[in-house]
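Input: one structure, supplied below.
Letters are used for the chains, namely A, B, C and D, taken in the order the chains are written, and counting of residues starts over at 1 for each.
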Amino acid sequence: MAEASLGSLLPVLLLLTSLVPAAVIFVLPEPRERARRLVNMAGAILKVVLTGVLIAGVLGGGEYEWRRELLTGVDLVLRVDPIPLLFVTLSSILWLTTTVYAIGYLEPGQRRSRFFGFFSLCVTATIGIALAGNLVTFLIFYELLTVATYPLVVHQGDHRALVGGRAYLLYSVTGGAVLLVAVAWLHVLAGPVEFLEYAPLAGLAGEHATSLTLIFVLLVAGLAVKTAVVPLHGWLPKAMVAPAPVSALLHAVAVVKAGAYGIVRVVYDLYGLALAQQLRLLTPLLALAAVTIVYGSLRALAQDDLKRRLAYSTVSQLSYIVLGVGIASLTGVTGGLVHLIHQGIQKVTLFYCAGNLAKQLGVTRISEMRGVGRRMPLTMGAFTVAALGMIGIPPTAGFVTKWHLGLGGLEAGQGWVIWVLLLSSVLNAAYFLPVIARIWFLRVEGERPGAPTLERDLERDPWLVLPAVATGLSVLLAGLLAGAPLSPLSWAASIAQEVAGS
Amino acid sequence: MSLVVLALPLLGAGVVALVAARWRSPLTLTVLVLTLLSGALMAQGVGSGGARVVTLAAVGLPAAVVVEDGLSAALVLVSSGLALATALFGVLHRDAGAGPPAAYWPLSLALLAGLHGLFLAGDLLTAYLWLEVVAVAGAALVAWRGDGARMAAATRYFYAELVASVTFLAGTALVWSATGTVVITDLAGQVGDSTGGRLGLALLTTGLLLKVPVVPLHFWLPAAHTLAPSAVSPLLSGLVVKSAFVILLRTWVGGVPEVGQPTLALLLGVLGAVAVLWGGLTALRVERAKVLVAYSTVSQLGLLLLAVPLAVAGSGEAWLGAAFHAIAHALPKAALLMAVALLAHTMGGGTVDRLTGAAARRPVAAFAAGLAALSLVGLPPTGGFVAKWYLVVASLTTGQWWWAATIVAGSFLTAAYLARLLQRFFRGAGRTVAGESEPAERGRADVVALGLAAAGLLLGLYPNALLGLLDVGAPLGVMARG
Amino acid sequence: MSVVWWLTPILLPLAVAVVTTLRPGPRTSWLLAAAPVPALVLALAGPLLPAPALSWLLLEPRLALDPVGRVLLALTAVVWIVAGVYARTEAEQRGGYVEWWLLSLSGNVGLLLSDDILTFYTAFVVMTLAAYGLVVHSRTVEARRAGRVYLVLGVAGETVLLAGLLLAAADAPGLRMAEVAGAVAGSANRDLVVALLLIGFGIKAGVIGLHVWLPLAHPAAPFAASAVLSGAMIKAGLVGWLRLLPIGALPLPGWSDLLVVLGLATAVVGVALGLTQRAPKVVLAYSSVSQMGFMTLLVGVALAAPEAAPVAVAAAAVYALHHGVAKAVLFVAVGLLPSAGGTWRRTALLVGVAAAGLALAGAPLSSGAYAKAWMKQAIDLALPGTSVTTFASLAAVGTTLLMARLLLLLRAQRPGAGPAGRPTPGLGAWLTLVVAMATLTPLLPPVLLPVLATPDSGAVVAEPLWPLLLGLAIAGAVALAQRRVGVTMPALPAGDLVVVGERAVAGVARVLALLAPPLTAALSRWTRAVQGAALALGRRDEGLDRLEDLLTRWRTGGAMVALVAVALVIALAMPLL
Amino acid sequence: MTRALLILGGVGLLLGVIALFGAPGSRGRLRGVLALATGALLVVLLAAPDRAQAALTVALSGATLAGLYVVAQLFERAAARKTGGDLRLDSDPLRRA
C-alpha cells in the first residue's frame, strides 16, 4: 500500500466526496428530502474545496498520487497531473451547480433517492476518469460511467426513455469492449504504461509501428463513441430524453467529455505528439473531427426540438476538442484544452435554460419560444450569452477557443482548419441566432408592444435560476478575463507548453 | 487441513439426517460456518505454506491423492461461503409459503462435501467417487417436493450425471491401464501415443463435458436449473457446474497438456465458443427470467472452456483467468438467481415481462440483480472484469486473438440479454404514483442476494488477495514472474 | 487614473444600460445623451494620459488614439449625443431598446479606441449585433425582414473578417494593429487577406453590391437609430480599412485601382438608385451609400502611393466627419418633420435640410467644400493627371440632384402625419448639430491633422461651384418636365439587389430541403439497420427456437454424447496418424 | 483374451447409452443402466495393472454402480407416482411447465 501521507490520500478523498453521498442517498427513503439535500450539497461543496486545495498544492509543486496493485503488473493509479486537474476542476464546479439545479428541478415523487444516488456515482466515475494514472484505471472508471449513467437516462421509465437508454447502452458497451481489447493489447505489447511520463511509448515506434497504429485506432474508436464523433454519435440525440439535469451534466460535461478527455490523454500523455505525428495518426483524426463539426451543425439546423438541437450542437462542439488535439501546434493544443472547459460551461448553461423553459413554461420546441425573453429575462439572458459563446462571438469564451484553434491550425500548416471553423460558426449562427431573435425580438402572441410582461414570478425559484445565471456569467468571464493568471486559457496554455512546448 | 474440510460436511450430513426436523436447519448452519472457517484456515495455510499434496495410500487401492493448492483452497472457501449464503436464503425466503423440507439440509451438506472432494481431488479415481456423490445429492435436491415437470427434470439430470460418471470411470480405467497410475500430475508424459490411454482420455473428457455441461451436451441444464427450487438453483448454477470443469482443467493443463496440443485444445476451444454464442443467443429470446439465467450459465461456461486452449498453449494468465472466472461467476450468478426468485415472488410471475417496474416494487433485489449483472458482463470494477482481462491478455500473448474476439462477443451478448432483463425493471418505475398501492418490499433475503452481489464487486476491487492464492501451485505461475 | 480616462468612454454606456434597465422611464432616459460625453472629451482633449496596460482583460487589450482616431471619435461622439436626445421616446418603451442602443455605442467607441485586433474585432462584432436590436425595434414585418438581411450580411462580414484577421495574425509578431498591418504587407497570402478585409469591412461600409442591407435598415429603424447608423456606425468599415490594410507600407497598384473604381461606381450608382426612391429615409440611405463611395475612393488613393498615404487617410477621416454630421442632421430633420406642428418649426427644419444638402453637394464655403478640397489634394498627390477628380465632381452633381429630390419629397409630405400624443422633442439639439456641421469640418482638421494643408480660397469657393450649379439646373429642368408631362421616375424596390439575393437564398434553401431528407433518411436508415440487426437477435425466431427445442430433447442428448465422444477420439487420434 | 473382454465392455457401454436414451419406458432405461454398469465393471476389471489392486477397485466401483442403480429405481418410482404412470423423458420438461 502506498504510504498514507496526505499527498496520496487527497485523490481518494476527492473520489469519496461523491462515493459516500451516493451510498448514503441510496439508503435514504424518498420522502427524506432535507437530509438528501444536505448530503448532496455537502458532498458537492467539499469536492470543490478539495479541488481548491489540490490546485494550491499542485501550484506549490506538490505531488499527489495514490497507487494500489490491482492485477499482476497493473496498478490502480490516481494521479493529479495538470491535465487531470483541469478536468477535475471543471467537473467539480459544474457538479455543484448541477446538484443545485437538480434539487430545484425534480419534484417530489420522482424517485429522487435513486436519481441522486446514481448522479453521485456518475461524478465519482468522472473524477476517476480524470485522475486515472494509466489506461486500465481509465477503462475501469470509463465503464463505471456507462453503468452509472444508464439508470439516469431511463429515469422517467417511459417508452421513449427506454429506447434512448437502449441506444446509449448499445453504443457504450461496444465502445467499452473495443477499448478493453485495445488496452489489453497495449499491455501485452508495452507492459504497464502510465500517463505521467509524457509519451512513454515513444521508444516502441521502431518495430511495433503497425500494431501501435492499430491500437491507436481501437483506442480512439472506443473513446470516439462517448465523444459522439460521426458515425458513432447516434446515441446522443436519443439520450436527450433524460431529465434536464442529466442532460446538462452528463451529456454536456461528464459523459461526452470523458471521451474527448480520453483522446486528449491518449494523444498527449500516452503516445505524445511526436510519436503521433511520426505514425501520421493526427491527420485522419483532424479529418474525422472536421466532418463531425460540420455534420453536427448541419443536423442541428434541422431540429425543432430545443434539446435535440443542443444535442447535435454538442456533437459538433466536442469535435473542436478533437480538432485541437489533431492540430499539433502550441496554440492548437491550447485551443483544444481550453475548449474542454469552455464547451462545458457553455453547454451546461444552455441545458439549464432549456430545462427551466420546459419546467416553468412547458416550452420544449423552438417554434414555441416566441418572446420568452421578457417572461424569463435572467434565464434567457444566460441562454443568449451561452449561445453566442457557441457561435464564437467575442467576448465570450467560445471566441477564445475559435481564435486559438484557428491560429493553431495556421501554425501547424493546416490552413484548411480555419475554413472548417468558420463554416461551423456560420452554421452555429444559422441555428442559434434565429432562436435568440425569437426569444427577444418576437412578441408573445397577442401582446401589444410596450405592454407589461405577463407573469413576474417565473424566475422565483433560486435553485433553478442561480445555476443558469452563474454558469452564464462564467462563459462571459472566461472570455473577458482570458488573460488572468487562473483563467482557463492561461491554465491550458501552461499545460500546452509542457505537452507541445517545442 | 483438507481432510477436516472434507469430513465436516460429510459427517455433518450424516448427523443432520438423524436429527429431528426442527433442529436440522440450525445444525446445518453451524456445520456450514465451521466448514467455512476450516476452509479459511486451509486457504491461509496454502497461501503462506504453499501447495501440498497428501497421499492416502490404502492397501490394494491405487493411491488416493488430495491436492491442496491455490485453486482448490479458493474454491473450497467460496463454495462453503456460497452454501452458507444459500442455506440462509432458504431459511429467510419462504419460497412456496414454507421453508425448505427436512431433506434439504443433509443433502446440501452432502453436495458440499462432494464439491470439496472434487476441488481437492488429485487423482481420477477419487474424482470419480466424489462425482457420484455430487450427482446423487444434486439430483435429489432438484427432485424434492417437485411436481411432474420437476421430477422429469431431476430424472433427466440424474441420468445425464450417471452416464457421465460411468464414461468417466471407463476412461479412468483405460488411462490407468495405459499409464499405470491414476494420479493426474503423474500422468505427464506417460500417455505418449498409446491408443488405450488416448481412448481413455477421450471417454474421460466426454464424461466431464457432459457434466460441466458444454453445448451440445447441455440438454439437461435448462430444465434442471430452472425448475429447481430457489434455494437449490444457486448451488447448481454457481458451484456444481464448476466442479467438473476443475477436473477437466487439472487433467488437460496440469496433467497432459502435450497430448492435448493442438487439435484437442482447439476442439475444446471451438466447443466453448459455440457455447458462448449459442447460450447468449438463446438467452436473448427466452421468455422466463430463470431460463434466461440458465442459458447465461451455459454461455459463461463456454467462456471458461476457452481458457483450456490458451492454458495448454502455455499462458499462465489463462489458468489464472479461468480460475478467477470460476469464482467471479459463481457469486453474482447465485445473487442473480436469488434476486430473480425474490422479484418473481413480489411481481407474481417469473417471465421477463412480469418483472416490469420491479425497481419500484423491490428496489434492493433489483439493485442486487443489477450489480450481479455487472459482474456477469465483466464490466469494471467487478470481478468479472478481472477474469475477462486475464483471458483477453492470455489470448493476445499466445497470439490466438480469435478467442479474445469470442470473449468480447460473449460479453456483448451477455450485456444484451441482461440489459433486456434490467431494462424491464425501470419501465414505469420513473414516478411514484401518489398513493403508492404496493409499498416497496424489503425482505432480509434481499440482503443475502445484495451481499453476494457486493462480494462479486469486492472481488473486482481487491482481486490481489485471490489472485495470489490462485497462483499457488498453478502449473505455470504468473505472480512469480508477473 | 489613466484606466479611468481611457475606459470610461467604453464602460459608461454599459453602466448606463444597467441603470436604465433597472429604472426605465423618462427620469433615466436622458442618460442616453450623456453616455457619449466622455468619448467627446477624450477626442477633443486627446490622449493626455498613457494607455493603460490591462493584462487581465480579454487577451492583453491595448488602447490608442491617433489624430485620425480623434477626428472619428469626435464625429461619433457628437452624432451619438444628438441622436441620444431624440432616442428617448423609444428608450422609454419596453423591448430592450435602451440596452441595444448603449451596447452599440460602447462597441462603436471601443473599436475606435482599440489598438489590437482582438479588442477591435470584439467591439466591431458587439456593435454589429447590438445594432440589430435597433433595426428590429418596431417589430413590424418590414423591420424583421430588414433585420434578417442585416444580420445575415453582418454575420457573413464578421466571419470573412475573422478569416482575414486569423491569416494576418498568423504571420504577425504580435496582435497590435500596426504589427498586423505590417505583417499583411509582407505575408505570403497578402492578396487573400486584403480581399477578405475588403469584403469584411465592405459590407459594413456599404460598398456597391454589399450595400443592400443599408436601404432596408434605415427606413425600418427609428430615425435616431438611422442617424447613428449612417452617421457613425458605417464609418467602422472605413476605420477597419485605414488601420488594417497595409497603407503606407508599399504601393498596391492592383488593389488601389480596384478600390478607386469601386468607390466611384458606388458614388454614382448610389445616387442613381436613390433617385428612383420615394421614401425620404431610403433616399438618405442611398445617399449614405454613395458618400461612402468617396471614402472608399480615398482608401484606394491611399493604397496607390505610400507618400500620399497620410494625406489620403486624413482626407478620408475628414470626409467621414463631414458626411457623418451632415447625414445626422438630415436624418434627425426627416425624423422630426412629420411631427413638426408649427409652420416656423417646419420651415426651420426644411432650411436645415437644405443647408445640409448643400453641404453634401459641396457648396462653396460649406463643410463639403473643404472635405472635397482635401480629397482632391490627396488625389492629385497620389494619382496626378488621372480623370478621377472629374468623375468625383460628376458624382457631386448627382448628390445635388438627390438632395433636390429629397427637398421636393419632404415638401410634398403632409405635416402632422407623425405618431401623435408624444411631446415633440425640442429642436435645440438639432440646431447645435447644424452649427457643428458648419464649423467642425473647416476648423477641426487643421488643428488635429497638420498633414492637411489649408486649402487656398479658390479651391473652397470656385472649384466646387460648377458641379453645384449644373446639378441645380438639371433639377430645375426635371421638376418642370415632371409638372407638365407627368413623367415619373420608375420605382425600384428599396434594397434593389436584396430581392434578387433573397430569392437566391430561398432557392438554395429549397434545394437543400429537397436534398436533405433523402440524405438524412439514408443515414438514419443505416443507423437503424445497425441497431435493428443488434436488436434482431432479441426477436422471437422460430428457426432458432425449433433448433434449441431439438437440442434439448432426450434422444438427441444421447446422440450428442456419442457424437462428442467420437469427435474427441478422432481429435486425440489425429497426432498418431 | 483381455482385448476381447475390453471390446465386450465397450459394447456394453454403448448398448447402455442406447437403451438409456432410446427406451420409451422406465424399465428400458433401467436395463440401460445395468448394461452401462456391467460394461464399466468389465473395463475396470481388465484395466487394473496387477491382480491385487484389481479386486478391490472392482469391488469398490461395483458397489458405487449398484448404488447408482438403486437410486435410479427410486427416481423412476417417485416420478411414476408424481406423474401418474410411466415417466416420458423425451420432451424438455420446461415445455410442459
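Some observations on this one:
One rule holds in what follows: contacts are C-beta pairs under 8 Å (C-beta built on N, C-alpha and C of every residue); 3 or more make two chains touch, one makes a residue touch a chain.
These figures come from a predicted structure and were not determined experimentally.
Taking the mean of each chain's C-alpha atoms, the chain closest to the overall C-alpha centroid is A.
Inter-chain centre distance (chain A to chain D, centres taken as mean C-alpha positions): 66 Å.
The distance from the centre of chain A to the centre of chain C, with each centre set as the mean of the Cα atoms, comes to 37 Å. As a whole-number value, the distance joining the C-alpha centres of chain C and chain D reads 99 Å. A straight line joining the Cα centres of chain B and chain C is 77 Å long.
Among the residues of chain D, those touching two or more other chains are numbered 17, 20, 89, 92, 94. In chain C, the residues touching two or more other chains are 534, 552-554, 557, 561. Residue positions of chain B touching 2 or more other chains: 156, 163, 167, 219, 222-223.
Contacting chain pairs in the structure are A-B, A-C, B-C, B-D, C-D.
The residues of chain D lying in touch with chain C in their complex are 14, 17-18, 20-22, 89-92, 94-95. Note for the complex: chain A touches chain C at residues 166-167, 170, 231, 234, 299, 302, 373-374, 388, 393-395, 399-400, 402-403, 406-407, 410-411, 418-419, 422, 425-426, 429, 433, 437, 440-443, 449-453, 479-484, 489. Looking at the complex, you find that chain C touches chain D at residues 549, 552-555, 557-559, 561-562. Per the touch definition, chain C reaches chain B in the complex via residues 534, 537-541, 544-545, 548, 551-554, 556-557, 560-561, 563-565, 567-569, 571-576. Within the complex formed with chain D, the residues of chain B that make contact are 60-62, 125, 128-129, 132, 135-136, 139, 143, 146-156, 158-159, 162-163, 165-167, 169-170, 173-174, 176-177, 180, 219, 222-223, 226-227, 291.
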